[in-house]
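Please read through the structure below; I'll follow up with questions.
So that you can tell them apart, the chains are marked A, B and C in the order they are listed, and the count of residues begins at 1 in each.
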Amino acid sequence: MSLGKLLERIVQLVPVLLGVSLIVFVMMALTPGDPVQIMVGEQSITPAQEAELRHSLGLDRPMAERFFIFLMNAAHFDFGTSFYHGRPVADVIAERLPATIELSLVALVVALATAIPLGVMAAIRKNSLLDRVATVGSLLGVSLPGFWFGILLIMLFAVHMQILPVSGRIGYDNEVAAVTGFLLIDTLLAGDIAAFGDALRHLILPAITLGLPMTAILMRVTRTSMLEVMRQDYVTFAEAKGLPRRRVLYRHALKNALIPTVSVAAIETGSLLGGNMIVETVFGWPGLGRLVVESIFLRNYPLIQAAVLLYAVTYVLLNFIADILYTVLNPRVKL
Amino acid sequence: MTDAAILSVPQAESLFRRNLRDFRRNRLAMASLIVILVFVVMAVAAPLIAPQDPNETDLLRRLQPPGWAPGGDWAYALGCDGLGRDILSRIIYGARISIFIGLAVIFLATGVGILAGLAAGYFRGWVDVVISRVVDILLGFPYLIFAIGLMAMMGPGLMNIVLALAYKEWVIPCRVVRGETLAVRELEYVEAARALGAGPRHIMWREILPNILSPVIVISTIRMANVIILEASLSFLGLGVQPPTASWGSMVSDGRAFILEAWWVSTFPGIAILLLVLAINVASQGLRDAFDPRFSE
Amino acid sequence: MRTLPRLLLATALAACPALVPAASSAADLIVGFTLDADTLDPANHRKRETETIIRNMYDGLLTRDANMLVVPEIAESMTQVSATEYDFKIRPGIRFHDGTEMTAEDVKFTLDRVVQDGGMGDGVTSPRQGLMGPVASVEVTAPDTVRITLKEPWPILPAMLPNQQIVSKAWVEKTGNEGVATAENGTGPFKLAEWRKGDAVILERFDDYYGGATDIAPVGPACVDRVIFKIIPESASRVAALLAGEVHIINELPAFSIGQVEANEGTQVMTVNGTRSFFIAMNMQGEYFDDLKVRQAAAMAIDKQLIIDKILAGNAAPIDGILSPDAFGASELPHAGYDPEKAKALLAEAGFPDGIDVTMDVEGAFKDTAEAVASMLTKAGIRTTVAVGEGAQLSDKWRTKGAPKSGDMYFTSWGNGSLDPFDIFTPTHRTNDRGNSAGYANPDLDAVLDAAAVELDVEKRRAMYHDAEMMINADQPYVYLWVPQDIYGVSKRVTGWQPSADSRINLHDACLN
């Protein structure tokens, strides 16, 4: 990976961020619902007060002007003040982000660690009992709405068996100095094994709920592409040449078979980050997704804009990583 | 390769028949096909087979347990929901909505996705840049947030749900097709076809597409499951189908609140989703295993 | 081979040595709460939930007891000097959490910050300005006395003052608005220990607390060491957390979960009469509901009691006017009664013997109830389709302040936290007012409401509101439905706490056994 490629990627980021910002602005302009009205709610307010409020939120300017101001400020990493928090949007988002990333990464790791071995095994022993069980089992994972599955898990493990907590990230007796914001890391840095265990216990149910559908998808993709690769001429050829089957499978076939897996994993991780508001709601997980959905309903424009930009950057980064992995897995693919 | 497969067919039996026989031998796939058929018949014949009016509310039957449980009534075999409506009848009618949403979104999305992905992966250059940027922009939006935004913008309604879900769904097959095309276009047989003077259309449709179709089918079927679930997610966020229409997703979502008091309200539609999705996937896998020459044993 | 169950087992095993007792120390009272605070600035918040959290750290001049009676808190006494002037004598010896003494200057600063245009500095006006009505000025008239002067008589000033919490002038000026948003320096029974944004607000007892309102026993420092507002937005999870013993109080317990909580050994249900009136607006500018007979038909078609019994589990009071039975000026009113046959007859008289087809807008949260109502209306010939919309869009559509509106019916509600009619009657019924979704216009009623708003004689004012209720009861611009109770799930370990009608959770007196 040359420096030039890296620069090229960064340059590519610009149109994506512009496009995303523009779409958000257009959607906000076309969506009925006035932030000032929502904010005022049932309170009484004089027209003068209302105009004042509108002005102080910067909503009295035309849409195009607001878009321009937003772009200029965003270029300096200034995303404005949240309508509801009385603080810079960047701060509000930064507080919530680690929880979301931590949950997503743990879910991703669980999914990959389960899906790839299962998918490969299922492909190698196609139509075996293992294949069928894994296939049907993985499908169970995508066949249940996450919120429902999450509630079932809570009922079973938290209410009935009382071995795992219902909600939250960590108990309240643990005081953890925030270094990275990731509790699993921070507790270890603090050398507090009990707190680490507590954080882990809080992660189990949400991570399973979030990771299970992804496990199912990745397992199926891995199985299919593994089967496909095993049919390719070069694999047959290598086998015919007398190379050990195991070596052919793992050294040659698996690498190529993982390309679609990586591609799908990158996409799914993006949607994990932005799609976990449901898991966050069910498990009272203090992440960003919940905040963004709430902001949409409240028309908290600055927060929506900043969050969507953040998601876009994350997505592009993830794909960058996926592209690097492509070349590692299959040198014939040129970036 | 196709030619080789045809040559290997015993003379007395056509390829189709042999494939059909293979498929029939796959008992799991046959069972799934039957399940799907049952659901489709259920959806089509809903007015004939539903024991009750699915929208008839009666608060006196609120949260009535299933027929076999104490306090149940076999006229309402699977019990009643929070408004005293018959859950069985709502599941039967709900099959229409859920199947429609799943099919509509997936057909729309897969069609667009294949075209865009093939073009991007084959032509590369500026076509790839443009399509990839559009895909990036759309994928840069978290899926649900985009759907919520669109729903807020367009207002509720069945067609709007389909659009809100399809707007982004197409980028997933597109991404996969592009990635696969990138890999496949370098393979010998594509090079060979190109050397023989085949045009891009021929190469894309005849040489590349058949070779990358299986992952697309796998992903599309799984995504169809996902679409049905996403519809439930929209319901969870208060943006689902309009009442009193029953969709399985909205039934699970509305029923989740009662899960401690009346498990049947969300469990039966949940099982319906599970069965259908499972069946579609198993059957599609069986079909492909039987009909795709590259997979025939 | 790594399978999912294996992995789970491994994780569980890894966690085992660290299996700490599930929740927290014995002296932590944990509230499972629907929403996190947006900010801790008493002058800059917009949600009831935020106010609930803030008010455990900040006290106000006046407060309410559990029965909604307004009593002095930081103020020692309140004297009405004239129709537009109120004097508040400040109690001596009250300390902020940073140890400094609270003075009359702090009170003036606090109120100025809310009342004045740009009062928060940097050109920012408090979003809570509207709650202070026609306040003209706030002056320190003696070292321990603050005078509030009004532009015009406003009898509900005492009822509105509990919404304002006193901040330290020196601290706010030093910290700035952004600092005030995330830290606190109040005079209340608890001080902020840690705010884990989106997850929990952890408060600990303030040992130098002056004791709180003398009229609300017990007076003194708080009972528990720590109070934790743990944010659990999903109802089913909140109930689960209560049943699992992870939290001790939960708000917004769904009515259908009452049985579960009561059946569970260590938990009970507590209710308090709410202050939010539910009603259905009928578009009086529309083609059907301009006719009184059609509106009456709608009112008669709905079996309120059945819905209250079945969907709200009996936890609501039916109403025949806008006011809650607990509100000032509420009175016994004639009620239409449930009579679908008569409803059909009225429809026929109005010229619709075959019935009418209408749409009823509702927010998702009340979909169930609205559907039940719709099916009752349908059976009486008003064939009603429920349309679920988003709150922001529906209020745009219906609360048009006099601009023309579309739509037939709107299932909605209006809060009345002060339990004073001014807060609810005027906005929903005065011509073109901000909550007049029905598009109702009655100049006679407007005159009564305007007069009542400034009437200082309590009995006269009560009579005026009774007259007003009789007018709307006759005109039926809305179908008045019910006032639901607030329902809480509470661990039996909690003592000394009771829910309050303004939805505030005051934990000063709560103990945990």
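In this section, a contact is a pair of C-beta atoms (placed from the backbone, for glycine too) under 8 Å apart; a residue touches a chain by one contact, two chains touch by 3 or more.
The shown structure was predicted, so the numbers you read here are calculated from the model rather than taken from an experiment.
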Chain pair with more C-beta contacts, B-C versus A-B: A-B
Central chain (by mean CA position): A
Between chain C and chain A, distance of the C-alpha-averaged centres to the nearest whole Å: 35
Chain centre separation (chain A, chain B; CA means) in Å: 22
Interchain centroid distance [CA atoms averaged], chain B/chain C, Å: 44
Where chain B touches two or more other chains at once, by residue number: 152, 256, 259-260
Chain A, residues touching no fewer than two other chains: 33, 147, 151, 155, 297
Interface hub residues of chain C, defined as touching at least two other chains: 236, 240, 243, 390, 393
Chain C - residues contacting chain B, complex: 235-236, 239-240, 243, 254, 256-257, 259-260, 306-307, 310-311, 363-365, 367-368, 370-372, 375, 386-390, 393
Touch list for chain C against partner chain A, complex: 1-4, 7-8, 11-12, 14-20, 22-25, 28, 30, 36, 38-39, 41, 44, 46-47, 117, 123-125, 127-131, 133, 177-178, 180-182, 194, 196-200, 202, 226, 228, 230-234, 236-237, 240-241, 243-246, 390-393, 395-397, 399, 414-415, 427, 434-435
Residues of chain B touching chain C in the complex: 55-57, 59-60, 62-63, 82-83, 152, 155-156, 238-239, 242-244, 254, 256-262
Residue ranges of chain B touching chain A (in the complex, touch as defined): 28, 133-134, 136-137, 139-145, 148-150, 152-153, 172, 175-176, 179-180, 182-183, 186, 188, 214-215, 218-219, 222, 225-226, 229, 232-233, 236-237, 249, 252-253, 256, 259-260, 266, 270, 273-274, 277-278, 281-282, 285, 294-295
Residues of chain A that touch chain C when the two form their complex: 32-34, 37-46, 49, 52-53, 56, 84-88, 92, 95-96, 99, 110, 113-114, 117-118, 121, 147, 151, 154-155, 158-159, 162, 165-169, 171-173, 175, 193-198, 200-201, 204, 208, 215, 281-284, 286-287, 290-291, 297-299
